[in-house]
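Could you have a look at this structure, given as structure tokens, before my questions?
Labels run A, B, C and D following the written order; every chain starts at residue 1.
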Amino acid sequence: MTTAELTIFEALESNVRGYCRAWPTLFDTAQGAWLRDGSGREYLDFFAGAGALNYGHNNPVLKQALLDYIARDGITHGLDMSTVAKRELLEAIERILLDPRGLDYKVQFPGPTGANAVESALKLARKITGRTTILNFTNAFHGMTLGALSVTGNAAKRAGAGVPLVHVNPMPYDGYVEGADFGWMERVLDDNSSGVDKPAAVIVETVQGEGGVNVARHEWLRALAGLCAARGILLIVDDVQMGCGRTGPFFSFETAGITPDIVTLSKSISGYGMPLALVLMRRELDQWAPGEHNGTFRGNNPAFVTAKVSLEHFWTDRKLEESTLLKGERIRESFGALADSHAGITTRGRGLVQGLSFEDASQASKVCRIAFEKGLIVETSGAEDQVVKLLPPLTITDDELDHGLKILTDAVHTIREGR
Amino acid sequence: MTTAELTIFEALESNVRGYCRAWPTLFDTAQGAWLRDGSGREYLDFFAGAGALNYGHNNPVLKQALLDYIARDGITHGLDMSTVAKRELLEAIERILLDPRGLDYKVQFPGPTGANAVESALKLARKITGRTTILNFTNAFHGMTLGALSVTGNAAKRAGAGVPLVHVNPMPYDGYVEGADFGWMERVLDDNSSGVDKPAAVIVETVQGEGGVNVARHEWLRALAGLCAARGILLIVDDVQMGCGRTGPFFSFETAGITPDIVTLSKSISGYGMPLALVLMRRELDQWAPGEHNGTFRGNNPAFVTAKVSLEHFWTDRKLEESTLLKGERIRESFGALADSHAGITTRGRGLVQGLSFEDASQASKVCRIAFEKGLIVETSGAEDQVVKLLPPLTITDDELDHGLKILTDAVHTIREGR
Amino acid sequence: MTTAELTIFEALESNVRGYCRAWPTLFDTAQGAWLRDGSGREYLDFFAGAGALNYGHNNPVLKQALLDYIARDGITHGLDMSTVAKRELLEAIERILLDPRGLDYKVQFPGPTGANAVESALKLARKITGRTTILNFTNAFHGMTLGALSVTGNAAKRAGAGVPLVHVNPMPYDGYVEGADFGWMERVLDDNSSGVDKPAAVIVETVQGEGGVNVARHEWLRALAGLCAARGILLIVDDVQMGCGRTGPFFSFETAGITPDIVTLSKSISGYGMPLALVLMRRELDQWAPGEHNGTFRGNNPAFVTAKVSLEHFWTDRKLEESTLLKGERIRESFGALADSHAGITTRGRGLVQGLSFEDASQASKVCRIAFEKGLIVETSGAEDQVVKLLPPLTITDDELDHGLKILTDAVHTIREGR
Amino acid sequence: MTTAELTIFEALESNVRGYCRAWPTLFDTAQGAWLRDGSGREYLDFFAGAGALNYGHNNPVLKQALLDYIARDGITHGLDMSTVAKRELLEAIERILLDPRGLDYKVQFPGPTGANAVESALKLARKITGRTTILNFTNAFHGMTLGALSVTGNAAKRAGAGVPLVHVNPMPYDGYVEGADFGWMERVLDDNSSGVDKPAAVIVETVQGEGGVNVARHEWLRALAGLCAARGILLIVDDVQMGCGRTGPFFSFETAGITPDIVTLSKSISGYGMPLALVLMRRELDQWAPGEHNGTFRGNNPAFVTAKVSLEHFWTDRKLEESTLLKGERIRESFGALADSHAGITTRGRGLVQGLSFEDASQASKVCRIAFEKGLIVETSGAEDQVVKLLPPLTITDDELDHGLKILTDAVHTIREGR
């Protein structure tokens, strides 16, 4: 890879570009857990499109379905017209996702991004309740459009709004304040002079990926759901990053035994990395008027095709869920060993979202930089970028996983011991 | 098409769905200007994905490039990593779009929707100026996320926000108040006690598609640009629907001879109907910090491939622009004849966005309904849905155009004369 | 007056102080139209407490009633308890103000400032209609608390808010845009895609004092009232400065023949310059819940006493109204002569609010400065401080008026001709 | 008192009236701790104008000064012109309040209400810091205009705004969540991804009167001040109700040993129940531009006179402070006995703001109703109106205090035991 090949990006692409700075090469092709650059060098991918590639890059089964669909001139852009591809996806959602789990949701196709799904969910919750306030959580990340950004925690990203972000009140996420749980939240909700206006909804991630791989306990999620239900507050689970099997089951909230009022899905829902997003809402909450929320690309039919095939291929049995949990354990063991050998390192995670947190935040970035040099793509997260966050494809092999963990382990040792 | 085939949509898809109600059939494949449903019936498409399919459905040249890219495992989902597909698109943008027009823009890849491009543009304008107010125009449409919705005019869509939409002040679009032009806008901007806070930016469509095919005169756009420049207010042209050749030239503002500070593109920019959006900004306005705006699907590489090929195929000479203007004339002639024969009908448009406006608004919907029965897809727009809006593919043949115009002409006669 | 006597103000009083800079002396006593400073120098008052002293300083009739009330230990501070003083004021309001004019208003005592009356009116209008937007007018002034400031035009004062001032949309005041009238306002209200959300209320001054003595024509006010009534929009007349006889009749809107839905009064309502404010609302609009708006000083009983006596003394016949109009004519003649002799000077006004507007704005301040040196208190107003604004006590004698006008005339000649 | 005498209030005064419903008689005169109604009946006042009458009704020393001032035609309404009365007040503030306490404050005269002082303080804090968010506390009360209401807790009062109240984030007041202190507040301020935007200021009452007589510990206030200072966040103490000696010392924050950045004063500052308010700010924070905040009644000169005399009369030695603390003890003893005899009753307070809190909230109102029948004026406060709040004049005699406490004690026994 010569630097010349990257010149155009510096000359023409906006300064807003980010990841290309951390991984300065010219990527070309990808397969499974591997990316390949223009010079033929290969990189193992522990980031998986920030969770958009749970089934790896260019999965051959999905790829064939996609090629067939394009070849036969299946509709590409369908707005929200009824199409064969959409019907088949809806049927698969009903048959594979909803019915077996006893979920009586209706399905909305907003614009094809997670932020758009979040914006839709917030609008719907406000419309239904006639209230404006949303409770979000510390260190949350929900997207960059104005509504989604308002419920996001990061100060630098919030400042980008250019207007005050309002109608929102952050609450402490599980573990944020030692031993605090819902003492504060319940108190303000039940006190009509607390100054916190009664909210339309609470929006929560079951594991905060961007926030630093913060894991909410199942009992905390159950308590949250109960607290909302008792007060007529809608519960929105933003499953954009943690859904589609990232934590084990398809929906990240399944294990906690809760049923959110509204669920947002995106990232891996198309299975192939193509833009797609869904909003699921309890049937009685589907109070949208026709066309009240829309978007040009809400009918990305090729993504419907791969989404349907991915559900059929990965979610008609429990194999993927089980292997995800096993691989998660594999990472935890490796990370546990690191935490044992080095002070100031802790581990956190669920399923195949796992984090290695450094007391000295700068070490996390150093680890990622060394890893890239050794051919591993991995990113930091957290308020101080203090966490090395692993989001490998769920379909990664044990050997690939071990290969990457070896690189990480070496990198940590190098940082910590000069080894 | 049996009704049974549509049952799943009513049972499972949210009430928010819209177009499928106007065109109640199950579409399957598409080619050029034609859609085909599951029963083999064909429909001529005068809506073209609301302007996302300027080069028709599944254009064979783009299709082949897309198939090749997928087949060779080109990266599908690339965040904002540097990729070969992105480099080639950037080079094509520079070579084909910017250099020949003397435009010194930088290119941002926001999330892949028009709304996201608008949100980015508003954020950037506010960041640069440190001001919060945006001036928009009556009957504007810019999208459905909170920031984009705030600058959109439609009351029902605005109400969907569930929170007051603020930091915006609508100004009269060209022709909105007879003979008014910029009297009001200039007066309030130059009066420091007008109560209209000095704005960060003005956002404008050169032709308001959703707003009812309202066409801004070139001299009005020039005056607007001058007025902004003189006062340090940024001019954002939202070219999401009117760009990519819809009005003739690639950028809809070219003919007016203006250079906006910021331009948003989406819809037809990928050429193939796949989600993609761009923000162009004058080089010195690229004051983004790395990662200050981002989005999971900002690296939709297959769309980069078709975008690049579409620029090479359609925009290296002036043939498409010229044929667009000629076909526009063809529609105008047909519509002119209708306006001449029937009172209460007027025409408006530029290039291949053309409207037939009915004094009795209900007639517009009736025309569209009859047209659909005859195999023509066409939609209304405007505050009262009083305008039959034509957005055919730019690549439509004269014969196809005449075929559709014949259906429309007959439909109007039927409505108006019982013929 | 020695400078030393003013030292404490510079040392201890906040920089926010204003008028003391224009009139740098130490005032002590006052009577009628005259102020006297510590050194015994007298100043004729053409500003009258910015309209809070319509009956002059320390009117002897009111003074005696006030002294009696205090001497007999009448309640001073009564919150909103029922008191004898309040009962007598309510009876006088009913007998003298409402009944003779056929006004079926209820009376609210908000906190004792005009801003508080405006805040109450806006809150009530929003509560009644369930809408948030208020239409205000260019160059309006309604006060400095956050709600009142949002409907005020002055950019410097608005900037003081420190937060964006929202939920408001300025409309052109009468004459603001040549020949425009309600073209723009009606158009946006009747177009559900205009982007201007349907407002709760319109708030208007019949003459904009702070705004530069801009006078709304009676027919314009009638059209405004009709336009609001037809659309279910509440009409709030802010009569804080123009009420209590300033333009002739007690309510400034009487001559126009309109009945506002809500009226705010303050400034001269106590008659003696003591803090007091009222909100009048059509009986059916009194939808307040008990205590929903309150304030510690809403029961300023000494002000109730003087308010009642001032109504009885000045408003049981038409003498004051008539003399106000005659004196207004006297000013107009004097100002007319000035405008005739000097290019770039125009006149405006109604009753005893009269303005002399200078094309070269700086001359207005110069005139006021010279006037002060000659013993006349007079202020500028308008977006550029381009208007010398006259607000003399309504009880001023013709001789006093002539004396002040002579000073002004000389000052203008001096400025313009070096005379 | 015949009902007929109250008819006009029902017929003409807005439903918003409140206290007159709890105390349905027609008050006429008042002296010291006593109110007298039209029929000659006397009521002992344990409410003292909600804290505006710390020196009792119509204190004879102040009364004489006021009568003299009015009689000699001292200026009544002076805007912010320099006057003799204002100079003498400023000198007294410097000599009696600031210098002895080593406070280097400047003095602003905003409009004459506590809400206006709060609005000024918030505006100033935002202007100085360039930030918009204010941290307030649960159960806070700061006023009813839009800015002041936004930092107030009461849900019903907040709903009256008719617009969302934003730019504010409530924090737990001392004792609000058992053992929580500043764990939450410090955590969110020091975490740049907490979602709580860095605030301009914190606004706090040292004792929350309206909120239910919640008393902040001195160490809590010190910790708050330290926490703000360390982070460049301004500390505003709203001393409108608790200042002027209510808790003992002149400023309620003195005992805690803190120096707020900004202090608001109103209610008892004029000493005589006349409208007046002050904002004190550290000298270097006086960044106001001339006229940036103003108000017609900011120069209520008769109130300057009584304010000055009240400072001289009550605050040149420590007698009032000491007697306030002793009388507070007297109440605490009486209340302690009640709490000891009845389960479900607790006590709280500092100096002469004391509360009796009922587990069964309805009992508090009942106590007040019975007390009124026995000739005692006393009010409830708290989120559920569960607290009987005592705010007697500081100048009340021990006998009067005992008389009132006897009535209260009897009322509680009646409620609780049928005695």
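As a convention for this text, contacts are C-beta pairs under 8 Å (C-beta built on N, C-alpha and C of every residue); 3 or more make two chains touch, one makes a residue touch a chain.
Here is each chain with its UniProt name: A, B, C, D = Diaminobutyrate--2-oxoglutarate transaminase.
From a predicted model like this one, the values you see are computed outputs, not experimental measurements.
Undergrad: Hop distance check: chain B to chain D, minimum number of steps through touching chains?
TA: Contact-graph shortest path, chain B to chain D, evaluates to 1.
Undergrad: Farthest from chain C by Cα centre, which chain is it? Let me know.
TA: Farthest by centroid: A.
Undergrad: From the C-alpha centre of chain A to that of chain B, how far is it in Å?
TA: Comparing mean C-alpha positions, chain B is 30 Å from chain A.
Undergrad: At what distance in angstrom does the C-alpha mean of chain C lie from that of chain A?
TA: That gives a centre separation of 58 Å.
Undergrad: Hey, how far is the Cα centre of chain A from the one of chain D, in Å?
TA: 50
Undergrad: Going by the touch rule set out above, which residues of chain B reach two or more other chains?
TA: 132, 156, 163-164, 167
Undergrad: Work through the pairs of chains, note which ones touch, and then classify the graph as line, ring, star, complete or other.
TA: complete
Undergrad: Report the residues of chain A in contact with chain B in the complex, numbered from low to high.
TA: Residue positions touching the partner: 5-6, 8-9, 12-21, 23-31, 35, 38, 49-53, 57-58, 63, 66-67, 70-84, 86-87, 90-91, 93-94, 106-109, 111-116, 119, 122-123, 125-127, 132, 143-148, 150, 156-157, 160-163, 167, 200, 240, 266-267, 272-275, 279, 281, 286-297, 300, 302.
Undergrad: Tell me, which parts of chain B touch chain D in their complex?
TA: Residues 163-164 of chain B touch chain D in their complex.
Undergrad: In their shared complex, at which residues does chain C touch chain B?
TA: For this pair, the touching residues of chain C are 132-133, 136-140, 151-156, 158, 164-170, 172, 176-178, 180, 183-184, 187-188, 191-198, 211, 382-383.
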